[in-house]
Amino acid sequence: MVNTSVKIGKLTLRNPVMTGSGTFGFGSEMSEALDLSALGACVVKSTSREPRLGNPTPRIIETSSGILNAIGLQNGGIDNFIEEKLPFLRQYDVPIIVNLVGYEVADYVYLAERLTEAGGVHALEINISCPNVKHGCDFAVDPKLTFELITALRKATDLTLITKLSPNVTDVVSVGRAAADAGSDALSLINTLLGTAIDIRKRKFRLANVTGGLSGPAIKPIALRMVWQVHQALPNIPLVGMGGIVTANDAIEFLLAGATAVAVGTATFINPTAAIDVANGIEKFLAEQGIDDVNELIGAVTR
Amino acid sequence: MVNTSVKIGKLTLRNPVMTGSGTFGFGSEMSEALDLSALGACVVKSTSREPRLGNPTPRIIETSSGILNAIGLQNGGIDNFIEEKLPFLRQYDVPIIVNLVGYEVADYVYLAERLTEAGGVHALEINISCPNVKHGCDFAVDPKLTFELITALRKATDLTLITKLSPNVTDVVSVGRAAADAGSDALSLINTLLGTAIDIRKRKFRLANVTGGLSGPAIKPIALRMVWQVHQALPNIPLVGMGGIVTANDAIEFLLAGATAVAVGTATFINPTAAIDVANGIEKFLAEQGIDDVNELIGAVTR
Amino acid sequence: MPVSAQRYLVPVISNDEIIADHRVLTCHAPEVAALARPGHFVNVSVGDGYDPFLRKPFSIYTVDRERGEISMLFSIVGATTRGMAKKRAGDEIDLVGPLGGKIFQPDSREGATHVMVGGGYGVPPLVFLSKELLTADPGANIEFIIGARHKDLLLCEAELAEAGVTARMTTEDGSHGMRGRVTDALRLVLEEQSGNPVTVYCCGPTPMMHAVSDLCLELGAPCQLSVEVGMPCGMGVCMACVVDLADGRRVRCCTDGPVFGAGEVIW
Amino acid sequence: MPVSAQRYLVPVISNDEIIADHRVLTCHAPEVAALARPGHFVNVSVGDGYDPFLRKPFSIYTVDRERGEISMLFSIVGATTRGMAKKRAGDEIDLVGPLGGKIFQPDSREGATHVMVGGGYGVPPLVFLSKELLTADPGANIEFIIGARHKDLLLCEAELAEAGVTARMTTEDGSHGMRGRVTDALRLVLEEQSGNPVTVYCCGPTPMMHAVSDLCLELGAPCQLSVEVGMPCGMGVCMACVVDLADGRRVRCCTDGPVFGAGEVIW
């Protein structure tokens, strides 16, 4: 038997494949399309203190091998999440990771406390890197602010903390190190790359929000490079790699680069069962290659 | 008649379409495939002080809607360029832009002086941003170093100076501003985004150099966003926009975002006449839309 | 509402041009055929690579549950529809579906008249709906209005005739049927039907649906509109397809719709 | 050397499977046919989108200058060759070419024997070369050696017979022809020819070419090898296809080659 389970902080995942926040709704939407319990973990859409209506439409447009999104973090707010979404998810035997977003440290701390208290949440992913809201990037581009935020969160909760890094920086390692130093149990990377597109006849931006975040296969080489860089610099902190993963082969590249787990984001839009297909594909690859533990792959790339 | 000519520093181009350095050799290779005189300008491969053998192979691999390259600046050195390549190019009625690369300020100054003296060179593109050589990124990620480099070059030559910016930074505007303040006549952007890819069966990087630069349509949204950001912040300096341009429509997006000219890079690999097809396509678009001057498009995007 | 979004790689049975740049592609997809109801759509991908990356939604046009076949009627506008146009019998096509949360709800009142108003590729789901109504009740009262700019763009007239439905055609240039817009014909129909229970079902270009919606509100006729917006996922998870409702909610078109009532949507 | 790299969108004439996962695609490309010589290749693109982005090189296999047709023999391994496999007569294919700087240089010495050594899709350009030699001189001495692991993988035996060339087949498992490798047959041929002017032309998998090159150096036979490395542009501008030469130069395979002499290349 092949072992596919990995550990992220205190959390043991049955396989290394999670969903990408914002690409899998709150889980319930997909509960008939696939078996949620077959996921390594279910990461839900960013949740904020108050409900948010998000940006005007168009919110997503297509680019070559990718999409630009500027959803603007539409969500029902923390009360709605705890009352309406969490009870449904608790039915499933799957780790639930809630992605948090806020304007300031106090927002994040409040959310972390509420979710710790609510019970049934296994880890928090800290979105310090959403490029689509005012001040959304403040934390992610600044190691010092990141350190402060994660320090405060570390005091507020015992839940596994995963800090989600932005790729829109010169030095992703320094931000990752700040989060690790402040007590983050793991890092996830990458969030989307800031981009835009223009309708040449209308002479207008194709997204109502002007810019959006680029995701999908187009960004995979960049994401993989960043995962590798961070793993080289910080080999002891588990990484959740993401950015353009569509197939098991893509995911295995991330594992070899140093990710302990991966997330499947945009790919779910074109293949509803992408996350589970990737998990199954990894298992098949291990069997094929005669590898009995997925952990052997982690960081195993050589020059 | 539609006017397609634009100005970059002291240089007037018959149309806004250049070739991308490193994707068009030294011009001579393509002289039978297309009419060099139909280009807005011919930008040649990076030239260094001494000949360079570049990196081991594989040097280019394919990714979704893009490629990763780690050529490592193979070139014959400045003597070879002036003796062997320049005389050929001088035969054509086309502005010649030489892309320079060096390890330190003195290298760049030396190259600029040699090329100014040689005659027949119309502008210098300063590659401060090649991610494939040791220290290759030092200038491009640091506004202060960029300012010093361009200041020294400004003293060394009267040729039009175009500083080529790297996208692998948190704040591309600050580097662009430093170059402009130091006297760069124009800015070109973007160079490639640092990425990697792994062969999962061999557990090895697919590029001999481990990482390489991502180019092609995959990066277009990021390039376009950066051109727009820099144009918003520095509306008075002409920009040469590039990154994923394949068609005239792509180029027009860059013009609308604020580029005065564009460069067609990787697209030449799949369509030898891409640069000229783009130039012709822009002219056709202008005619179709009843616009009599291409300059009307520059920065004309609205929200 | 969760969707039973399943992916199917299925063989194409036929692919025929019906009018210029419009084709009907039929494929063997028994699982989809079994579940499909009028207003449902499927998300189609034609390529092997990731450019274009997203699937594109197409309404289900005909369903043959016995043979396990469904068809889509599409107009060739971009990469996916160009790729669909190239498919030949025996080729594979990649579908996710059936998708759609709130679809057409047939008016079940005694003697109700069902008024279909369609334009462009909005007509096919209404043909599907009409056939389902007639299957359930061969005596169902159906009025069908199809609008187009020109007679060469009118769709499905023959198919409806075959099903026993005589459609009223309107063309903006008068080249076939009544000169004018679908709303001109709809006003006549609704006046004819005044006093009877009636429901309008509408699918077509947004300006047309907006006008139909306004007219139905004016005349007090219940109206169901299948709203079209870009749908990157079609499964309720991306939050890109949102529409603003009169009650202040911002909901997903794909799973909270795509069928909404007149007056419900803010245009 | 500048290449006259021109792009052509041309119709496919036929596309036939010859052995498992290997096909010959013929298209109408008169400009390419007019210029093509043995050792030239064309850069092919099959998709509409940008994934895969790059073209892929394929040797020119047959040329019918009268009809303006060329063909390529390809083995199905990835996106481009899968796309080529799907093309049917009448479909379009997108080519750039003919490409190649230094191609095969026929030995022009009186009475020279031309020894072809090919494996896999390295055989077709040598078939082209043999036919050209025979057209120029119907009495040309041609020895042709084809190697494969198993008889089901041997290519072009019948086509060569038709052209009047009896190829020596070698299979690693002895399932057809001589058991062994091409170098075993080559050693025999070169010994038979000892004293005569002879040139070896070789194209095949790199390990095979390496072995052939070593043998020719050992036996002092002139040898031309068509080297295969990844070629992102094929036109000499990307600098990715470099090979290191014994004289210390690092040159482009596409335009400074792809044909090099034994001893010239560092393997």
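Think of it as A, B, C and D in the order they're written, each chain with its own count starting at 1.
The rule is simple: a residue touches a chain if its C-beta (ideal position, glycine included) is under 8 Å from a C-beta of that chain, and two chains touch if they have at least 3 such contacts.
Note that this is a predicted model, so its numbers are computed, not measured.
Colleague: Please flag the chain sitting at the greatest distance from chain D, going by CA centroids.
Modeller: Computed centres place C farthest from chain D.
Colleague: Between B-C and A-C, which chain pair shares more contacting C-beta pairs?
Modeller: Greater number of contacting C-beta pairs: A-C.
Colleague: Report the inter-centroid distance (CA atoms only) between chain A and chain D in whole Å.
Modeller: Measuring from centre to centre gives 48 Å for this pair.
Colleague: Find the geometric centre of each of chain A and chain C from their Cα atoms only, then give the gap between the two centres in Å, rounded to an integer.
Modeller: Chain centroid spacing, chain A to chain C, equals 36 Å.
Colleague: Can you list the residues of chain A that touch 2 or more other chains?
Modeller: 64-66, 216-218
Colleague: Could you list the positions in chain D whose residues touch two or more of the other chains?
Modeller: 49-52, in rising order.
Colleague: Viewed as a graph of touching chains, is the assembly arranged as a line, ring, star, complete set, or other?
Modeller: Complete.
Colleague: In the complex formed with chain A, which residues of chain B make contact?
Modeller: For this pair, the touching residues of chain B are 63-66, 68, 141, 168-170, 193-198, 200-201, 203-205, 210-211, 214, 216-222, 224-225, 228, 244, 249, 252-253, 256-257, 285, 289, 300-303.
Colleague: Of all residues in chain D, which touch chain A in the complex?
Modeller: 49-51
Colleague: Please give the residue numbers of chain B that touch chain C in the complex, ascending.
Modeller: The contact residues of chain B facing chain C are 64-65, 217.
Colleague: Help me check something: in the complex, which residues belonging to chain D touch chain C?
Modeller: 47-52, 79, 82-83
Colleague: Can you list the chain D residues touching chain B in their complex?
Modeller: Spelled out, the residues of chain D in touch with chain B are 2-7, 45, 49-55, 96, 229-230, 232-233, 235-242, 250, 255.
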